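Here subunit A shows up in two complexes: once beside subunit B, once beside subunit C.
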Partner chain A sequence: MGLSLLASRALRLSRIPSRATQIFLRPIVSTRDLNTPEPATSAAPPPPPPPHRHPVGGARVHFPTPDDAIEVFVDGFAVKIPKGFTVLQACEVAGVDIPRFCYHDRLSIAGNCRMCLVEVEKSPKPVASCAMPALPGMKIKTDTPIAKKAREGVMEFLLMNHPLDCPICDQGGECDLQDQSMAFGSDRGRFTEMKRSVVDKNLGPLVKTVMTRCIQCTRCVRFASEIAGVQDLGMLGRGSGEEIGTYVEKLMTSELSGNVIDICPVGALTSKPFAFKARNWELKGTETIDVTDAVGSNIRIDSRGPEVMRVLPRLNEDINEEWISDKTRFFYDGLKRQRLNDPMIRGPDGRFKTVSWRDALAIVAEVVNQVKPEEIVGVAGKLSDAESMIVLKDFLNKMGSNNIWCEGNGPNPNADLRSGYIMNTSISGLEQADAFLLVGTQPRVEAAMVNARIRKTVRATHAKVGYIGPPTDFNYDHQNLGTSPQTLVEIAEGRHPFSATLANAKNPVIILGAGIFERMDKDAIFTVVNAIAKKHNVVRPDWNGLNTLLINAAQAAALDLGLVPESDRSIESAKFIYLMGADDVSLEKLPNDAFVVYQGHHGDRSVYRANVILPASAFTEKEGTYANTEGCAQTTLPAVPIVGDARDDWKIIRALSEVAGIQLPYDSLGGIRSRIRTVAPNLLEIDERVPATFSNSLRPESSQKIKPEPFGVTVENFYMTDAITRASKIMAQCSALLKK
Partner chain B sequence: MAQVAQVLKQFRVQPNSTSLEEARKRTFEFFKLACRSIPSIMEIYTLEDVVHPSQLRASVLAEIRKNAHITNPKVIDLLLFKAMEELKNVVDHSKQRHHIIGQYVVGRQGLEDLAPTDPGTSDYLKKFYNSNYF
Partner chain C sequence: MGSVVRNALNSIKEKGITNFFRELRQQGYLNALLDGNLMQTKIHNIGATLVGVDKFGNKYYENLKVQYGRHRWVEYASKTRYNASQVPPEWHGWLHFITDRTGDELLRLKPSRYGAEHRENLTGQGDEYIYHSKGHALNSGQRDWTRYESWQPTKP
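Now for the complex of A and B:
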């Protein structure tokens, strides 16, 4: 009501003055009532008590020490906040959303955009609420003419040098500047000079820059130096010559660089692959999870029709906060290339022939019924969901074979003790740690989001990080303690200086890389690590700091479901091998006469050896459960329809079982989930992390000898780790340009 | 063949049949004309590998027999006129291959289910062969 009243009054009054006076007395503010702002104190009648409001976004306030609560008044409404909150945070608790550009909850406070000005009683000027600590009894006014005028003025200054190119800007429709100028800005500007323009910077294949649009909020600079840990971006020049850029002509080399697209409040930093592809209001969002690494970052897939247009992060404080890695954000163009869309059989001439599902399944069923049970082998790929893995396992078991495993879990993996393969501390729990020992793992490439957590902890508490493994990049302070398991023995025996660090730490954390699973002496390594853990109290009733960092989305669920091969030589004697999206399994030792069935969504490595191809759906097209490295089960949801004549993984195996004459007892996802309940009930606790029940110290000591070979690099190329990312053109560009 | 085309080209609307007998004679003439044009139809529409001439003959015959119960010479004349028109269209290649196949080759017994029906398969498998979404 207020607005329309103001507008109509402004309209009525504007007719009265003559033309001449209008020209000379052009008001400073277009909104009439704001022309003579008076401090709110002079408003005589006390306003009625405002209705109770809820904090912005339904947030809850946590009081670390209840005595430190202070009371402030926001628009006359009293709120209790912990000491140390800023005025802006106090307003949020009171349910008032303050407009802002430079302030971001996860970055340091810069206070340079001035959009968040509010009026505080007894202060002569409006104050920047994001930078002002709230004091007891403060009376904050967010809705007064002074505050409104201040915002309108700031908006006008910001728009002065901002190009009016919203129609061709990719941020249009989800732009903070656009929204806030609609809400708080004036309806006209008084700027008649030339707008300034700024040269665009080349930040690499992922981030497109249109630097003229930049409003110098420095969010991107703070993100790069604080969260991503690279000093690539900075502010150059002063005054109207101020520019954001890399100091020298240089690409932004961070695995988190895509996040600057999200935090940039305007369209200065946008996604290069998404540029001019779609407007954001045409897109349909599907809330799902990422499977390109074992973190299971929460993402939103924006699709238009059958096409995935972009991937954005979703907030999940326990896993990825609000960031995602570049691989997660930009691999999606791989979903359009190299797809398998029809069942195919390799003819005698070595070429694939398209056949119907009926024929393809009939052939597979015939072959599988001819070979001996112990010659049947199944391998689940790194992108498999729990449902299809249990169906594959049941199918092979019914055929009489137990040779089934999941890529990356290595020979005879330990599936008995859940604490032995998940991240027991949990990803958010890492923030309480004060000493890290990383063994044979390069978290920056294996799990970028976990690395971001470690960096956050190191920055906040100066936790010590010790690393054992080949030289690698870190974006925080660390000590390289050695390269081989021998160093572990030294730490266990207390001969190494780092044992003192561990001993002094309150909450020490040990993280083992999943690359160790492939080593022959892994049991010995686990024994030594257990000894270290025992010695330095890493595992206590209130703290479990002994972790494994997995690298593939399917790994944890596969071990939960007990996908453990009977013998580790089964490939050499296999006559029938069923690859469910497994592309990284080495088929060199496979006998030449073996029959290879490849079920998957991409024509990747294993297809070269396949005899039959059964097209399956990718994770964007199906519903499936995945357990991440901390053991938290989450599900994907179909965002786009399947490609061609493909089918969901579990449906194919279920159909095959029937054609082969050993029908499996379920034919719906619900049925499979009840089957999972009997094997691994934790996989049904969706979005709920179920900690391991038994500690890893129960593990029997191994009599194996430690081998002196140094730890290897597990993930060679961060950008290309699986079938989808290997098919992606953007990921190929990234590996060419950004991999050092 | 050229003969047939010639006859068709010179076809004029004839005066009405005076009796049922005459209409009957005209019907036979039409049938013979159609039969004579079948080889050229087979060639124009390359039907060798989908149908045998005798099948086409049978289907023309069946079309005629469908109206066997009609005794009014006027109605028969009209039907003959329409038949002649259709034949002319066919011979002039005014139609396309799928029209012929649809109307005279498979049209008779309708599209038969080419997929083998395996009675033993479950509901699940039938749906699976059909589509991914069920």
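Now for the complex of A and C:
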């Protein structure tokens, strides 16, 4: 900029702006009225009180202590809010949505984007509402010329260094900056200089960075350090040289890293697998749940035609808040690979040959009618829904066999006491806990959302965490008490220092991992844990802190439905084995002449041993009920059509029963659900958590001896746990790059 | 005219009568007996200079002694089915007096880096020559709309 230009600008500014000069000078703001904003107090006639507005998003205000309510005025309308609310929250209660970039409900307050400026009476300057505590009697003005001009100015500065690449930006259409510049920004710019540019960072295979678009709201930095618990991201530099980055070149190694894509208000952090694949307005959203772990995170599947394009979290305060794990968010490309789309029969030459459904079912029915009933075995996979599991159980029971179980539940699961296999505290209930005892479980890889909840609690209340198991990675402070069940005995007998922590705790929580189900001495471990619970008052009428953390989506429903095998050695004597998506069941001991039917959606592990393959639908393609680890039943909804010639799980078994001559008495999902009602009515209470009726202390004491062998690692690879995630290329990349 | 007859007699002497008639047929003189256009072109060619031959075999002639505007013409490679769309783009400009650079010069000046090969317009030549868009039932290069990969039993 030349000196003469500066001089002329100074001269122009010193002159009193008149109507005539305004024609030649570019106005500072687009709206004529905002050129000379005056404090709202000078407005002579008081406007009539505005009509009652509802809080933003239909939110409800919770008053912890009713005496602490204060009254503020937002745009002349009085609202009651609890003490400690910020001005922004007060405005939200009043139904006024304040524009913001850096403020996020679940993160600490930064107050650095300045977008939320409002006018407060008797305040000389506009105040940043997100960082300003509301005081009694405060008069907040959100719609005055000063507030509007402040927003317009902030927006102009934000857009100064923001590239105008919306047409090639993946955030386009769902970008906060785009929306808010339309709503609150100026309709013209005065910017003629060069924009700055920032080097892109490599955050790994999931998060794509275009750092030039960053507006330094620091939401991602706060998310990483507060929620994800990894100190990877930070702020470097000052002023216009400020940039977000990892200080040294480093990948973001958090199992929640995908959430920074959602919280980034601009297109600086976007999804790498989704990059340039679709625009958000082309997508159809289907609100369903996730089945890759036992948490049952609420998700929205965005699909375009027959393809799942991306997975986004859905708000559910009781389960996943508004986060999901990386596995949930990025496994979806596994749905497009290795799919079984035609019924196949293994010929005498050992090769598979595509056949029609009629032929495939006829062969299965012929074989199943030839073998003895006790030689029939059924295994439900970890992704099975409750409906298909009850149909499979009914089918096998009608054939005369009772050897059916769900993989992951161990050799002889105990389905008698529901409190023995679900999370009795409930996931949101963990926030009240003040001491955790994790027994043989690594929640960070087994259930990332539960781990995030524990971390939230530990961060908020400094709860003590004791952990018994092999050394593993935690993202919060913990004590490794030992590796074997022997430590449990010490705690039960009060010889261990951690028993003092449990004794002092008001709401202690014990979480047992599902890996214990596979141990031979599981009953003894449950007995010891029950003793600890009894001693430290873990189970009270108002508090139940004795939990089991499951790892598979089908586990809880399978135990609810009573999928318990008659003998734990049934697989060794099986002549006919029906695998319903069971890929992790060990088939080594299966006799060579056994007839294996594999019904599933992915050609994964068990399919190579199968004699007949019946293609089924994946969870994104069917309606099915799943119970999560806390016993909350939820349903999936079909987002995309079924691939190829596949069919729903329950329909296949229903058709098979008819071909086999023992027709099952239902032929619709409604019919199956009324059958479920007689077995496990809690599975029909959709989206409602039904607590267990009987306490786990009723479990009979076992005379088993505890074995000294240490607890194992249940989930070896967080990213690849089931048939879908094992087929996913993105998950394979993640496990190659991010697995520690 | 006398020179034409002399040249013809000379070449019969050189090549023999069979070869002479074969060449006569190949160069379209037999077609020219029935095809007035071709006959006129052949008559024009006498005394004209052959400026160049393109990759399809079309010959481009110029005769500056004839009336201006009629001094450039093409003798198509095909003597039976010829039409104007057989002229490739590099010669089109020269032939239509848009440029004085011949097609060969243009190719030397600006080598083509990309672009489809020139094809004559085959309208009316039969169904197999009609353009069908991607996804049309008659397009041989059918687009695969399957959005998933199926499991292949032969793979390990």
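Following the convention adopted for this analysis, the second predicted complex is superposed on the first by the 716 of 740 C-alpha atoms of A that agree within 3 Å, B and C clash if a C-alpha of one lies under 4 Å from a C-alpha of the other, contacts with A are read in each partner's own complex, and residues count from 1 in each chain.
By our rule, a contact is a pair of C-beta atoms (placed from the backbone, for glycine too) under 8 Å apart; a residue touches a chain by one contact, two chains touch by 3 or more.
No experiment lies behind these values; they were computed from the predicted model shown.
Three-chain overlay on subunit A, with subunit B and subunit C fitting side by side and no clash. By the document's definition of touching, of the two partners only subunit B reaches A:654; subunit C does not.
Contacts of A:307 after superposition: subunit C is touched, whereas subunit B is not reached. Contacts of A:607 after superposition on the shared chain: subunit C is touched, whereas subunit B is not.
Across the overlaid pair of complexes, the angle with its corner at the CA centre of subunit A and arms to subunit B and subunit C is 40°, in steps of 10. In the superposed model, A:646 makes contact with subunit B only, not with subunit C. Of the two partner chains placed by the overlay, neither subunit B nor subunit C lies in contact with A:84. Of the two partner chains, neither subunit B nor subunit C is touched by A:347.
Measured by the number of subunit A residues touched, the leading partner among subunit B and subunit C is C. In the superposition on chain A, A:337 makes contact with subunit C only, not with subunit B.
The superposed three-chain arrangement places the nearest Cα atoms of subunit B and subunit C 12 Å from each other. No residue of subunit A touches both subunit B in one complex and subunit C in the other. Those residues of subunit A that touch subunit C in the shared complex are 305-307, 335-342, 344, 351-352, 602-603, 607, 643-644.
Interface residues of subunit C facing subunit A in the complex, by the touch rule stated above, are 147-154. The part of subunit A that touches subunit B in the complex is made up of residues 356-358, 617, 642, 646-648, 651, 654-655, 658-659, 663, 667.
Only residues 115-116, 121-122, 124-125, 128-129, 132 of subunit B touch subunit A when the two sit together in their complex.
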